[in-house]
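Some structures to go through are shown next.
Common to both upcoming complexes is subunit A, partnered first by subunit B, then by subunit C.
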Partner chain A sequence: MSLFPKWTNWLPLCIVGCLAFGGAAVTAAVTYYFTPKYTRVGYEPVQPVPFSHKIHAGELGMDCRYCHTGVEKSWFSNIPAASTCMNCHNQVLKDDPRLAIVRESARTGKAIPWVQVHITPDYVYFNHAVHVRRGISCVECHGRIDEMDEVQHAKPLSMSFCLNCHRHPAAFIRPVSKVTDLGWQWSTNADEAAHLQRVEGAKLVAHMRVQSLQNCSACHR
Partner chain B sequence: MTESVLQPESLAPPAELQRAPMSPAGRSFGWLNDKLTAFNEGRTPLWWWVLFLPAAFCAMALLPAMLIYKISTGVGVWGNNMPVMWGWDIINFVWWVGVAHAGTLISALLFLTRQHWRTAIGRAAEAMTVFAVAMAGLYPAIHVGRSWFDWYMFPVPTSNGLWPQFRSPLMWDVFAVNTYLIVSTLFWYMGLIPDLAVMRDRSRSRVGKFCYGLFALGWTGSAHQWHNFEKAYVVLSGLATLLVFTVSSIVGMDFATAQLAGWHETIFPFYFVAGAVFCGFGMVLVLLIPLRKWCRLEDIITLAHIDKICKMTLLMGCVMGYIYAVEFFIAWYSGSPYDAWVFGHRMFGHAYWYGGWAMIIVNASMPQLFWFKKVRQNLVLVFIMAVLINIGMWFERFTIIVGSLYQDFLPANWGVYYPTWVDLGVYLGTLGAFFMLYLLFVRFVPMVPVSEVKGAMPQANPHFGNGKGGRA
Partner chain C sequence: MRHVLSIAIILLALCGIVVGIAGFRGRMSRRPPIEVFSDMDRQPKLRPQKPDAFFPNGVSSQLPVPGTVARSQPIQTLDGPVYPFEDSPVNTGLVTGTTNFAPADPLPVTMSLLRRGQARFDIYCAPCHGRLGDGNGITKKIGDMTAVADLHDARIVDMADGEIFNTITRGKGLMGAYGPLIPVRDRWAIIAYLRTLQLSWLGSTNDLTARERAALK
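Take a look at the complex of A and B:
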């Protein structure tokens, strides 16, 4: 056949190969670049006040609930009012220019314009109190806040992220008293920690009657 | 000599009992080549343009316009509304899937059972299958409110962590219809390859040589290639035969799984397979009766072929009659007042009584005329009956879907369903697309498989010429 040169014998194979390679590349790219693992993790906006969680929660050892007072009582974990800051800062660093906005806010009652980092969409119902009071630590969704100077979006908070825990609560649960202890582990030995998580986690799930809620209306109400 | 005593003529039955020949006996292979490619190589006749232009208008203008309007505006442009949430979209989906089935039955099941007469009509029926499945596949994709989420129907690992509901027959539908489309397309295309090579070798223009040559994939007709081809053809026909039974079974289960009087029946998978094959034979007759005349293929697709299709249609019509009888019997025998209500209203309800009578009269009673040879040989009558069978089967799906939904469990919800002009437009669009594709198929590739018909000729029999005759 003079119509098609000999190299065209390889054409079908090349086309199949290109399609397979291209398809794999597109799939890999979408999996990485189009999901919250990439689009949300690492988000770190500049805040109006350079507040360091690392100093307050990490080095000074303040409990999360000193400022976020509503977290155990409400679906919403509140941002503290400036008056909470002034409990200490009317004596510590009382004239520091970095705290000018805080002092201003405490005097006038006008809120500090913090930039929200972790946002759940309007179609998702998330209740902080329910999770925190059943032994799901802050660290599971927010990461090591006590090691961050500026708060960063540490976890993807995608739906599969939520479902991963909802499908296996025993793998993430911890004693309620350790919920705000972000660096806490069952044991310093990794194998033992994993074993305890399995055994004790199952006990905690049974004891607190934690349900593995997976129906749509659990979150999309 | 003993051989002279056992002459075939002396044992042959009398002339009126002899079977009509199913292949053009006494013709040469060369005559077949010329005959079967004549329509593709000749000038485009007027009738082709007269049919093609309106079909192409429906396919290329009407259908896209309707789809854009429906997708951009929403399902509300159709007549679907409480309590009839499935309307023309699902009726037409089931109808098109049904039309497809006879093609696979003819080309695959009859191949496996060595029915050599199928060679003449196999390809035309397969093409019908491929195009009808494509039309059927369109409806599930557009019947959802937000078509841009269609990819949710496929098991894709997403950051939602969700998978389709594999326990739902609606999910099986996605796999069944897609498998059907892929297998029937492969089966049809693979059968085409040797004939595309014939067209390539006969083509006088360079464009024709290039186009046919491209799709013939370098077919030379060597014994090695034929060996592989025959094996692959058996494998694919085995797969396709299974699909005749699985696809419409699953479509039937879409309904049977619902706790709704009129749908919740164990007979549904069988019911839908039988109905699909019945409807498909109707469509085969609608397509072949005019085409065999217009494409001058009366010697190839003979009256004996039409006769055989009519007999199979008769068989399926009897099966339909049996199933209708069982449905009505069970509605009474079960003692369920809801079943009795639905089935009573199919025939005597105020809104859709005509659908119930259409399905009994057209699908179960009318095919009984095929018992008479005079009817089977009257092509005008057969054509009219085939068109009516397609309409009757459409009304059967209408009766099952709308007739079971419009009076649901809450009498306060009861309502009637009427399609809108958009429903009609989409349906006309798919009809146009189907006929457009079919006309293009008839024009550009041999409608009758040249190589397969040659294989069914007497002289293709290895024993031909040694006094026993060939198989006919």
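Take a look at the complex of A and C:
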């Protein structure tokens, strides 16, 4: 009779095996979950007014800038004042209870408590105007807003997401006039579209002198 | 060997539980994103259009103090630069010192101004008046908008540019004020483009030169 029974011969191997498996599992979990691809994508808060971008920007074909007037001039893309809604909704759905908050806001000036979906961290200085005016479409960061009833966080907006485009602007740029046309593509043929993106994209980058900014202070000031 | 198997099953079950609770990437969530160390993410500074208890109206963005005069960004006109605070037809749509509407667009009409006007017209005017300006915008399709003006109506064709400027700025009847949405220079660009639209609508082949007529055939 020895101090250690026979099965303990397997113990070291078991411990090593468990640690290896556990380590792999933790690494996999961190890689998969500890990223904005998991934490941010899919965020879809309940808004105070059931405003549908799908109806307004998609089906009715309104331009993003009808409401987000400041996007070409300012670093942030503004939420419209309620008076902008009332330009149409003083006649369309004018007694609809879903729009009660909007009507009240237009009358009293009390802000509608919209919930912001895409929030960059405060240490990031993102400028909408410079992107939109150099042919980076809304869709690159916000996804197909024109197909969303409720706005959902579609892209991770992580640092690697930003850098991916900053390293290869020609792969994402488009003519400035098509920036708010979210479904636009160079061609309906995928191969041709990819080819045109390469050729025309490079031309646009050169023409608009788009810089491939990758220094830290470009975004972290 | 049996132990190894049971341990493996327990570990796999743990993984299953984690995935079961945390789900997959891109899953719809009503809860705001988790920020583990949020002290740098959310700094104590103002961001535009956010709720803020500091100000009486509870919003971070404040309007300028009443009487604030915008000084920068003069608009280049045929008679030199005009600043936003000047009493000039550019800013008011009125002939200076009178209540008469300015007869003509004070900006030099260039191709780039017309293109700007077209782009802005398509954004702000087309939803109701239609891209052709004939009053057949998307609101017509919905059917709730009753009186959308046909911009090719003789009343509007004959209207002074200043009066159109006034209508865009302040609204008229059921039309809301677009002054807050469209900067002054863009309003004049839209008017210049509207005149082009009207010309294309009301013109006839007789307005063309002989060569252009030949090209049409």
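The criterion applied here is as follows: the second predicted complex is superposed on the first by the 198 of 221 C-alpha atoms of A that agree within 3 Å, B and C clash if a C-alpha of one lies under 4 Å from a C-alpha of the other, contacts with A are read in each partner's own complex, and residues count from 1 in each chain.
Just so we're on the same page, contacts are C-beta pairs under 8 Å (C-beta built on N, C-alpha and C of every residue); 3 or more make two chains touch, one makes a residue touch a chain.
Nothing here was measured: the structure is a model prediction, and the numbers come from that model.
More residues of subunit A are touched by C (comparison of subunit B with subunit C). Judged by the touch definition given at the top, the superposed model places A:S160 against subunit B, while subunit C stays out of reach.
In the superposed model, A:Y66 lies in contact with subunit C only, and not with subunit B. By the touch criterion stated above, A:P36 is placed in contact with subunit B and with subunit C alike. Residue contacts after overlaying the shared chain place A:G17 against subunit C, while subunit B stays out of touching range.
Of the two partner chains placed by superposition, only subunit B is touched by A:N9; subunit C is not. When the two structures are aligned on the shared chain, A:P175 is found in touch with neither subunit B nor subunit C.
When the two structures are aligned on the shared chain, A:G183 is found in touch with neither subunit B nor subunit C.
Legend: residue contacts after superposition of the two complexes on their common chain; A:N87 is shown touching subunit C, with no touch to subunit B. 36-37 are the residues of subunit A that lie in the contact sets of both subunit B and subunit C, per the superposition on chain A. Remark: subunit C residues 3-4, 7-8, 11, 14-15, 18, 22, 25-34, 40-43, 45, 47-51, 57-59, 119, 122-124, 127-128, 138-139, 142, 144-146, 174-178, 180-182 touch subunit A in the complex. Residues 7, 10, 14, 17-18, 21-22, 25, 29, 32-33, 36-46, 60-63, 65-66, 69, 76, 78-79, 81, 83-84, 86-88, 90-94, 109-111, 113, 116, 121-123, 152-153, 177 of subunit A are the ones that touch subunit C when the two sit in their complex.
The touching residues of subunit B, when paired with subunit A in their complex, are 157-162, 209-210, 213-214, 217-218. On the subunit A side of its complex with subunit B, the touching residues are 1, 3-4, 9, 12, 31, 35-37, 156, 158-164.
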